[in-house]
């Protein structure tokens, strides 16, 4: 994975996931807030469950694809861990990435189970998502031995986003349905995604000019750059939030709310899973 | 910004902000507590909103002024980031300060939006204020490479106040309207402001005598001095709290509470934004 | 305790404890959730108390046995702390292990007292369990001076599980009866147990081939291995959770719930201790 | 203060304070729990206020005495901070201890104000107590430069107790009246007190034999010793808790509860300050 593509790929995944989370959570928040105006019909509890199940399935399948790619593609260890002839471990970096994917696969599988059955409390999905992020950060933390100064620095900055996500998932276990935490998580996921791209550009620049890995000024610039990525992620989440909110409202304005209120005055179903907690 | 003025300026800003926050939060707290005595008239919900909107606008405009000053004043990079001729980054320190101001500008703009519309939850203003403080501390943290021992030490002490503010803003997201947290935030803001002045005096003393940057005794004295600044900030907040409380009470005593109770017994408006949460 | 057996023994204890906690907490959770279906009869409040008392007694007696073994078995200091003739402390490592056991003995004794009398709040048992884990981690932290790199690394990894358990016990003081925290605690206990076994295999391998204590690749592999132990612990807890839940449900299906509802409609006893809080 | 007495004195203060807190909090807890049995008469709200006011006054006066002693006794700087002739700071260590006392004086004064007037929320006393402990730990942290290994180690261990107390005070701001937190605070205060005595014995042993400040075995033993102090503090708090609880119960048994219930069935006063929150 020591290549430009190897960083752009997970970066794109996280970018898409972050955008999706921002849109999904805003949508659910808007329907919760406008329930009296008939927004419940936009996202009934069954629809929500289906969304969560699909999300879990997508995360699970992409993680499995990632694990297989890391193992089987050119240069992968092909599920062999130890080479007895040379007495060396085989491709430990690929095994690390496989393990990162493994925990996201577990989180996806559990999310799938939690939302398709009623066997476990809902908050379990966030706890395992948090564990997956923590595990990712944990492996990155012990991943940096003996690299160049700038290389270590850009990966250290990445850890802020990753451990931030893990911490927010833990908070969500206790404060489920808090839109601020949900948007902050989406925000940090976008930050992680765009920063993966930035790492690719810094360590494996497409142009001829290489970055001086030991120049302190480069390290200062990279820190600054990280803050700008964060500002960009904030802007992105704000735009997504605003668009989804407007879309839900304009959709609601087109539905005559009175009629519904008259026809089904007693139908009182729980619209949102989060409110059950 | 490596000058006495460059530290006195943000110091003054933070001092004024801290004093303003102490006064504002005490005033809102006093009206909440004395609502039955008619204090609601002193600060109706509309007035509160207006105060918050003005505060957001002031923070936003001052941050923009700060950004422009950092870029355009003598020695600024004038929005040029990279000098291709010398292959060096341009004035990274000014860019760092610009970025710090940028996040306060974002926090101001969001606060303005949150309080002038109902598009987002109120607690968003505190979350972005916390993010702005965190970002300030984050940049200061990676700001200290290769400086003298005393210089590093005075800036490290500053970080306690800055990260303390960020942490308290995070707590306020969940415990909004807790007067103790609000006063502690004002307190740390005053501490940060007065410490900026102290840094100016230590690193760029107006008198001829320079401080020995490597003497350990100076470092011990500076640590002590930081505690005295904290005690001074506590005293200032206590005086402001006491004065505002007395002013509200004396004002209320002059309003005949009975009359109001008789004339408008049914008028029940939500006086404080924070209670809606 | 510097031997394979010395690590396998506590490892087995923690493994068994973790499995027991996963089963116990799931069982209590299942009875709480299915109370309306008559699950209260499976675990009345008296039964729960008895389980907790037995648990406390078992922890207390095993800890005392551990303390005596550390002191009296071959090579132990036999309660002598200082050898005046050589002017050296006697067997400090045995004394460290004795102290670790001591705090678990205290936690067991307090749990016994809390559940057999009503003299103190229930949450005290978790607080002292957390203190016992914290103390274990604290002693391990100051235990690593001057060892080989790999030796330090495997014990550092152990600290994540131990301090994680302490932190979760602290959270449980405030969020008692949260099944997610309880399962996470069981999970980390199993992780700690299986990792003790792994440490035994790494530092005192039964085969002839010794691990190279200074090879960085070994250290990377061991970090990876820790993540796999965590995944294995997650799987184990999930299997236990699933089995216990199915057992409770199948048991409930065999009890005619109607009859009970008809015969004792007014008997309303508090089924679970945790609900009292 | 670099003497045996200089450590025994604050040690004794903290020991007494810890014992007092354990007794006071248990007493208030017992009256809260047995209110229906007439325990309210043992500690009416007025009595509680009086106790808190006396406590605040005692802390305030002892802190002022401590400040004066540090300044005026033999070797003190007599309020002179800078010696212009030698261009050196005067007795910075005494000034550090004066500053530690200053913050406890502030906490005492605020506690006095909070409980004798209704000008501020009750939780303010805990917040400033936490700040005083934090300040103490903060100054100790920057206090250790250039000392011997064992000297640094015993003071580092002290920091665990001090920052633990600060953290618990912060938790108490949000969970006021939680007996477990209150007892843990008393526990850590006793630990801090007895550890001050231990530091005195280690650094300034009364006997002829000095401790070898650089022997690693001594450092290991001291860590162990710290755990035993903690166990001893736990035991002390347990004994105090048990005695006070028994005393309250035996006292209540001697009061005929029926009579009171019959004579004053409507008198409903708020017994405990903490319940108002």
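Brief remarks follow.
Labels for the chains are A, B, C and D, by order of writing; each one numbers its residues from 1.
One rule holds for everything that comes next: contacts are C-beta pairs under 8 Å (C-beta built on N, C-alpha and C of every residue); 3 or more make two chains touch, one makes a residue touch a chain.
The chain lineup, named per UniProt: A, B, C, D = Transmembrane protein 45B-like.
Computed from a predicted structure; not experimentally measured.
Relative to the C-alpha centre of chain B, the farthest chain centre belongs to C.
Judged by shared residue numbers over all numbers used at their interface, chain A and chain B contact each other through mostly different positions, with under half in common.
Superposition angle, chain A onto chain D, using Cα atoms only: 180 degrees, a multiple of 5 between 0 and 180. Centre-to-centre separation between chain A and chain D, using Cα means, comes to 45 Å. One finds 32 Å separating the Cα centroids of chain C and chain D.
Of all residues in chain B, none touches two or more other chains. Chain pairs that touch one another, listed by label: A-B, A-C, B-D, C-D. For chain D in complex with chain B, the residues that touch the partner chain are 88-89, 92, 95-96, 99, 102-103, 106, 119-121, 123-124, 127-128, 131, 135, 138-139, 142, 145-146, 173-174. If you check the complex, the residues on chain D that touch chain C are 160, 175, 179-180, 184, 216-221, 223-224, 227-228, 230-231, 234, 241-242, 245.
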